[in-house]
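Please go over the structures that come below.
Shared between the two complexes below is chain A, which pairs with chain B and chain C, respectively.
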Partner chain A sequence: MKKPMIFSEFFKNNGPVMGSILMVLVGFWIIVLIVLPQLSMLDFSFRFNLPPAELGGPKDNYTLKNYKQLVYGAAGSEGTYNTVDLMVFVRTIVTAIFVTIANIIMCYPLAYYLGQSKGTSFARLLVVMLIIPYWINEILRAFALRIIFGETGLINEVLTFLHLTAEPIDFIRQNYALYAGLGYAYILLMLFPMYNVIESLDRNQIEAARDMGASWIRIHRRIVIPHAKPGIASGATMVFMLSAGALAVPQVLGGPSSLWFTQLVYQWFNDSLNWQQGSAYAIVLLFSSIAIVLTLMRIFKVNMGDIGK
Partner chain B sequence: MGAGVTVNLENVWIKFGDFVAVREANVNIKGGDFFSFLGPSGCGKTTILRAVSGFLDPSEGRVLIGGKDMAGIGPNKRPTALIFQNLALFPLMKIWENITFSMEVAGASAGDRRKRADELLDMIALSGQGDKFPSELSGGQKQRVAIARALCAEPDVLLLDEPLSALDLKLRQHMRTELREIQQRVGISFIYITHDQGEALTMSDSVAVMRAGIIDQIAGGHEIYDHPATPFVASFVGENNVFRGKLQSVNGNEAVIRTNRSGDLLAQITPTAVGKMKAGDDAMMFVRPEALALGEASPDSKTTISANVLNEEFEGNSYSVFLEGDGGKQIKMSLPNLGQDRESSKGSSLALHYDASTAVVMPAGELASE
Partner chain C sequence: MSPKVISRLALGAYLLIFFGYLLGPLVVMSLTAFNSSGFPSVSPWACFTFEWFDVLFKDQRILNGIKNSIIIGIGTVIVSIAIGLSAALVLTQVWPKLRTTYYTIIIAPILIPGVVLGISTIVFWDRVSRLLGPSTDALFHNGIFLTILGQSTFIASYAMLIFVARLARFDPGLTEAALDLGATHTQAFRKILLPFMRPAIASAAVLAFLASFENYNTTTFTFGNYPTLTIELAQKVRYGINPSISSLAFIIVVLTVFGALAFEAYRRNTGNKERAKEGKAAPKSGGILPGFLRGNPAAVVLVLLCFTVITAVGTAQSYSPEQCKMDVRAAKQLEIDLRIEALEEKRRLRELGKTHEGPDIFGTPEVESEDKAPSSSGAFGDVFKDLEQGD
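The block that comes next holds the complex of A and B.
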């Protein structure tokens, strides 16, 4: 891993003017675009939802009420848990984990193929074909999937034509469309980090292992996967975080009875106009996701630095 | 360790589309031999090695190891072990895991592997380094680990693809000796690929010199150096002065060549061309720089060349003297540094003499490009 560049060296390399401009821009990015919004969310989540007139007044105190609401439900329902919201939370996290695992399994063979057939024109064409659908807006893509999975959509038409099913399957209600949509929404963010690390694997290592009698399974288990681990971890982190925080796909493809945790956050902000409550839900989702990622990184022995590579 | 096992290439052709990488290779490697393929980059030597190791199949012909046809047998099933040019150690495995990877594949227990790794580490003088990672070792140490890893599989044939090319000069010379010693200790056949004639000549029992997919000559190092079979071998292996011309007369295994610029010169016909050359043929004569000596204009002017000294370079153990003969013919000679103060001969006019037995003449052909 590269050592962080010391400031004086940074200025020496870039000159005082350019160095200052770059420092200011980076500082703006980090402070204004990342740190301050999160801090204000955190601050919101500990406050009462007051009418504007009372802001800054004697009632404007810090409180844990918004967090209690998630765990125990609205005030007055003491002794019971807010099972509806908590179940949505758990299902969101568990589904996001499964979406991530499915993405790893789907991307690995493709990333290996692309990474090892470096530079052939077919591989390059394949990459372009993978990227083109992502030129379309995420919401439009979700609607496209909704049409494909619909009652008279392509999949049901094919299944009935082949007499594999008598009645059309309700993919939307069964949440299959949701899982497929989430699995597809961020798959490139899994594919490309994996492809990059596998491309950097020296082909001779595979041949050396093969020369020593290793089967293909062993070559992947002992050589390719350990080498690809940082890329897999980086892709998995992004896919998990984005799936758990996805809104458009669950909104469009989710069944009528299934809520995604982000939809609850959205409802608090948009329908109930209770930003404080929404912030508390969002903060819980954010910190839980971070905790899960850090735990998994610990289990799979991945360093934070590897992900940033 | 496996005993010496023969390797035979029978009429092997290897083509990639229209490109012929190896043309009609016939090679018989004796069991326990240190055999080198020597040639410039792109001559097809690595392709031959890949055909022996099983990473590619010959388009025509057969590869036999220990008399057994290897067609259809993959690299993981052949009794060969390959050492790659960049060594291809596994960076995420410890040294002992690297060395015993072939045992891991075969399902040996960790205890057995550890024990064998320690034995091999002793052999390559890296005792106690088994728990390090490859990145913690020096170039020469990695080299030895790669050898140990290949030997751990107890192959019958060890294949080496320019494994020393990444090392610096001193280490390379040291590793030459070490490789030769290891080969004699384990007694298995080594097939060594190199573009470095020094490596090929010092280590090998036999050398095959290759050019553009064709094997020009297979012989011992001495034979290759003293009696090159083709102009390519003569100009690629070591340094040589080349004189072009037409044969004037042939007498047994000696011939006089009428050179374009340096008059009539006497030389031996290279053994493979004896009886095949006649007066009037286009021919080339080669004399090594160290075979030229300063001399009086000898009575037999057919072994004397007159030339002017253009320049001199001090090489440490010798001086390289660059001369210009009649008609601007460039000639190089090498004089040993005997320690005496020596006056520069620059600008002087000299007579160069050689012994006819040290000059070879052969049918004209393609030279190695500089």
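The block that comes next holds the complex of A and C.
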């Protein structure tokens, strides 16, 4: 927070009434909505799941039990790892990374094309068409894919009709539907930041490079991609965090045997009613995905200030 | 072919695939809303029907969900706009050394998974209510209260980003001038800054409402006894699908298309007006179209869409698929009769063959008839189509 000497200046700039309103609102947001809830979740994750009567009693101590549960499984099975949950965790993170990479590859050409042909009415039409799926509910988009990928869905009907397959393919059990759904759900959050930065690239730079005989690959590697890096980083961060934390898409499109890590969190909360255990899992998800994002930002030399542009 | 043609073709194919991936599922989903078959599908097309809209509008849980969503949406808009605007104003004044830290904190809610936000909200307020005693339970365990706070945590960040972009173009000299002329800070804020921010506030309000309306990850932990529309939808999608969801989706798709077109038409219209003012593009006189449609394809499409919807709703009132359903039933019966006849025919032929040419080719027709059986569903569908066209 700000130092006292800054405070006085702040109130001088804004007047006592406006100054206090601003301080109260921002303080409420940062302290009551952001920081304290996260801290209480962290605190919660180190506690036992006790009945209400015993709260605050002698048994209400800190423990690492909830984290041990994730690594070693339920108490009593010490020595062996909790392979089921750990595999779900690894799979969630790895899949989210691949979804992000796939989205970068899919969006880059379109972002470049739109950025370069800005102002033409065709490009504007495309942008309007992009906005439409952007505002459709995540659940409904997953539902749409489920209709297509279902056992009697459109793709299977077409494949059978063309005699490409004798038996319907179970896309949902094979997780293809899940991958397609995750890629589908957040693709526009990759496209728009990328498009915004490429749009601001001066076309003359590209033309100069071409006049000097640079190949297309070289132009993209040396001019367009370095310029678009903040947009790509911003989009990649959003897509990675949202896919790793996705709940709706795996619930609708995931196969019965394949869980997403957020589904484990959901089960601990809503099915087992063990909030402490759920909090521990949520903390693991939060910290590991933040760690991955920060590492990648360090590797690719991107600043936090670029996110959200 | 010259390389230019090849690259154009590649671009076209790529655009086709990209937009097919993006819009195709929505189109298919919308179509399933009009198929009378009980499971949302397009390929065995039975009857064109509006009955799923009827089912939808009679669904009490969906209607209740819409009501809760609107209440929560309005609450979230108010909270997140107030917070987002103050946060953006503070960002412009914060001590430069603290700026990055401050920005990281207020941008973090966008990056924190929604699930985590939902959990931390209920855990925190559960603790607060335990500290303050059971008399506060009613408020701190109330689904609407928790959902508004949980959603506002991150929606305020979105609003803040919009305000920061607008504030970057604000001339602080205006406020200073007002203050020099004797206005209080509150007056300067209300008379100078607020009018300047109005467009940004409008777009942030729309964005915040939509984000709140479609949020699932946070709400699924906080909703308590007040399930929102998205929660109800998720329950339906997970535990038993029927095409009334498609009909809701279709309505949402149409509304979104409306919104996008109206926005585009508005932007073009203001753009055209500005150009006309500058005298760059003199408005063509003597067109059949009224002024606001001229040179504005989005507006033309919008008006056409309006007409289509009005006609569709009008026909929906009088259209009844009962005839078609009876036809389908009749067609099914006919198909069954045909198949029975065909089988009898085959049996007769077989018997004829047996008597005429001896038993050595006895196996061939038998195999054929068994082969036919699995593919009958395809033939089934074709017959339907023919009959429907015949109608």
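Throughout what follows, the second predicted complex is superposed on the first by the 285 of 309 C-alpha atoms of A that agree within 3 Å, B and C clash if a C-alpha of one lies under 4 Å from a C-alpha of the other, contacts with A are read in each partner's own complex, and residues count from 1 in each chain.
Convention: contacts are C-beta pairs under 8 Å (C-beta built on N, C-alpha and C of every residue); 3 or more make two chains touch, one makes a residue touch a chain.
Being a predicted model, the structure only gives us computed values, none of them experimental.
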Checklist entry - Given the superposition on chain A, are chain B and chain C in a clash or a fit? => result fit
Checklist entry - Which partner does A:I187 reach: the first (chain B), the second (chain C), both, or neither? => result second
Checklist entry - Does chain C touch more residues of chain A than chain B does, or is it the other way round? => result C
Next on the checklist: One more residue to check, A:Q205. First (chain B), second (chain C), both or neither?
Outcome noted: first
Checklist entry - Is A:P168 in contact with chain B, with chain C, with both, or with neither (first, second, both, neither)? => result neither
Checklist entry - Does the superposition put A:P226 against chain B (first), chain C (second), both, or neither? => result first
Checklist entry - Counting only touches as set out at the top, which of chain B and chain C does A:S289 meet: first, second, both, neither? => result second
Item to check | Partner chain in contact with A:G213 - chain B first, chain C second, else both or neither | outcome: first
Checklist outcome for this item: When the two complexes are superposed, chain B comes to within a least CA distance of chain C, in Å, of 11
Checklist outcome for this item: Contacts of chain A common to chain B and chain C in the A-superposed view none
Checklist entry - What residues of chain A sit close enough to touch chain C in their complex? => result 2-3, 6, 10, 13-19, 21-23, 25-26, 28-30, 33-38, 40-41, 44, 55, 106, 109-110, 113, 121, 124, 126, 128-133, 135-148, 150, 152-154, 157-158, 160-161, 184, 187, 237-238, 241-242, 244-248, 251-252, 262, 265-266, 269-270, 275, 278-279, 282, 285-286, 289-290, 293, 304-305, 307-308
Next on the checklist: List the residues on chain B that touch chain A in their complex, please.
Outcome noted: 53, 55, 74-77, 80-82, 84-86, 88, 90, 92-93, 101-102, 104-106, 149, 153
Checklist entry - For chain A, which residues are in contact with chain B within the complex? => result 202, 204-205, 207-215, 218, 222-223, 226-227
Checklist entry - Where on chain C does chain A make contact in their complex? => result 11, 14-15, 18-19, 21-26, 28-29, 32, 39-43, 82-83, 86-87, 89-90, 93-95, 98, 100, 103-117, 119-124, 126-127, 130, 149, 152-153, 156-157, 161, 184-186, 189, 210, 213-214, 216-217, 220-221, 230, 233-234, 237-238, 241, 245-246, 248-249, 252-253, 256-257, 259-261, 264, 297-298, 378
